[in-house]
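See the structures that follow.
First subunit A sits with subunit B, and in the next complex the same chain sits with subunit C.
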Partner chain A sequence: MPRGWWTRRSNYFWYIVREFTSLPLALWLLWFLVEIRRAQDGPAGYHPHGSLGFVVFSVIVLLFALYHSVTFLSLAGAILHFNVADRPIPSQLIVLSQFALWAAASVVVGFVLIYFGRT
Partner chain B sequence: MSEHTSSLPAERGGQEGAVKAHKPAVAHLFWWFMFAQGGVLAAILLPVHILIQGILGPLGIVPVADRHYDTWVNIVGNPLVKLYLLVLIAFPFFHFAHRLRYLLVDLGVPAARGVPAQVVFYGGAVAVTLVTVYILLTTVPISFG
Partner chain C sequence: MMVDGVPKLTCNAFLRDYWPRPVTVEPLNNFPIVRDLVIDMDDFMHKLKAIKPWVIRKQPVPLGGGPFTQTTAQIDEFRQFSQCINCMLCYAACPVYGLNDGFLGPAATALARRYNLDSRDQGLGQRLPVIADSEGIWECSFVGECSVVCPKGVDPAKAIQQTKLDTTMRFVLPFGNRD
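So, the complex of A and B:
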């Protein structure tokens, strides 16, 4: 395949972006692992990330994360096939259920993170 | 002819070939399971963590558990939270390993198809998993409080 093939059509480009989302997400998770480890520093030494640079980094990673979520969950309609009473469930309904699951999980995780963050 | 094609039962024929063809590819199953589950978990769980812990918390818009030592230790010590964090961090790395390896293949790096690359990428995911287990077991003692 010629070098730079993915720059010639927009759908090729977005395919590569979809694959690339893994890198910023992996970096953010490694930061998260560091944040967990910092609990070992004790009350005096614990300093969570809070710089503007970290916030900007997180905003950029969030955009990649949302792109991963939308593209990955949208594929569910093509991958998952279920029958109810011998009738196939429409793929749109399967995709909708994945997005509903995403919304529900986000609410639960968000609630736990914020609720247990009250001092 | 590649190893994969030569193992087709139609080419080998006979009962032995048919038996081998029905043998489940357990390793294949494992890696595809980890890839798929890692993708789902990253899609469903990561955006909210990034939004709240990476943006809203540091900006002071909402209180977040990891902003203060006491609240962070309180939540990280819970065994269910430790299990959740292991799943949240470890599984997606198997997804990332596969995608990033094939990203290199797609960008014209043929070496990314080879066994050394597989060892580096999937071995990296295993290493992150082991480090995560170690950190979760040694950072904050397990507590039900």
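So, the complex of A and C:
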């Protein structure tokens, strides 16, 4: 395979982008663990990392996370295979259910973070 | 063959679709070239044979025992994966196979799934060591291009991902075995 194989077709390129998005996401999550460690002594001694560079990095990582999640969940229809009354469930319905679960999980996590963050 | 860099069934490709641009025709990607447009298919044939693409029974059934019967729902389970014509376009499109020719590859895995889903077959246990090998399904990183170039709509990428899920469930839930 030539070194630049992934630039030859758009599908290869977007596949590499999909895989690459995991890397900055992993770095951000590592930083998130550091922040949790720093916050263990309570709110009095905690000062969140709020530099412009970090905010920009976080926004980029958020976009990467959304791209990765959307491409991942869109592929669920090809992976999951269920039969109901001997008939397969349409893949579009499976994909839709994955997005619905994602949205529901985001609402629950958001609620927990905001509710317990205030108390 | 490769037509303008894309794996194509050339017996089904028409010059009118490319006219008036010049057309570049090359041998299939990812295979050793024997001469001109001829490629060496040996690796693919070995992989095809390795997954035992035939109905396997634990106990031989006598010929006088009558035909196997299947419902349309049982046939629909594997019909899509039985449409493969072994054209190898999926192998030419697969960068994983291009980087590691030890990879079992899309068509062989799709065919293995075709037989594993067949209600008459009891050979899952014999195929599992090949398809769940380190160079089997787990090498696939779901580029998906195999399914894009497939001229018969077999969707080998789907077959591989479903096999990954099945083998994982088989590992996690041993009571779900079927063989």
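Quick note on the criterion: the second predicted complex is superposed on the first by the 112 of 119 C-alpha atoms of A that agree within 3 Å, B and C clash if a C-alpha of one lies under 4 Å from a C-alpha of the other, contacts with A are read in each partner's own complex, and residues count from 1 in each chain.
One rule holds for everything that comes next: a residue touches a chain if its C-beta (ideal position, glycine included) is under 8 Å from a C-beta of that chain, and two chains touch if they have at least 3 such contacts.
Note that the structure is predicted; figures quoted are calculated from it, not measured.
Subunit A has more of its residues touched by B than by the other of subunit B and subunit C. By the touch criterion defined above, A:Leu101 reaches subunit B but does not reach subunit C.
When both complexes are overlaid on chain A, the residue A:Ala78 reaches subunit C alone and has no touch with subunit B.
In the superposition on chain A, A:Leu23 makes contact with subunit B only, while subunit C stays out of contact range. By the touch criterion defined above, A:Asp86 reaches subunit C but does not reach subunit B.
Contacts of A:Phe13 after superposition on the shared chain: neither subunit B nor subunit C is touched. In the overlay built on the shared chain, the residue A:Met1 is in contact with subunit B and with subunit C. Counting contacts by the rule stated earlier, residues 1, 6, 19 of subunit A appear in both its interface with subunit B and its interface with subunit C. Across the interface of their complex, subunit C is touched by residues 1, 5-6, 8-9, 11-12, 15, 19, 75, 78-81, 83, 86-88 of subunit A. Those residues of subunit C that touch subunit A in the shared complex are 5-6, 30, 71, 73, 76, 95, 98-99, 141-145, 148, 155, 157-158, 161-162, 164-165.
Those residues of subunit B whose C-beta lies close enough to touch subunit A in the complex are 39-40, 42-55, 57-59, 62-76, 85, 88-89, 92-93, 95-96, 99-100, 102-103, 106-108, 128, 131-132, 135-136, 138-140. Considering their complex, residues 1, 3, 6, 16, 19-23, 25-26, 28-30, 32-33, 35-37, 39-40, 42-43, 46, 48-51, 54-55, 57-59, 61-62, 65-66, 68-69, 72-73, 101-102, 105-106, 109-110, 112-114, 116-119 of subunit A touch subunit B.
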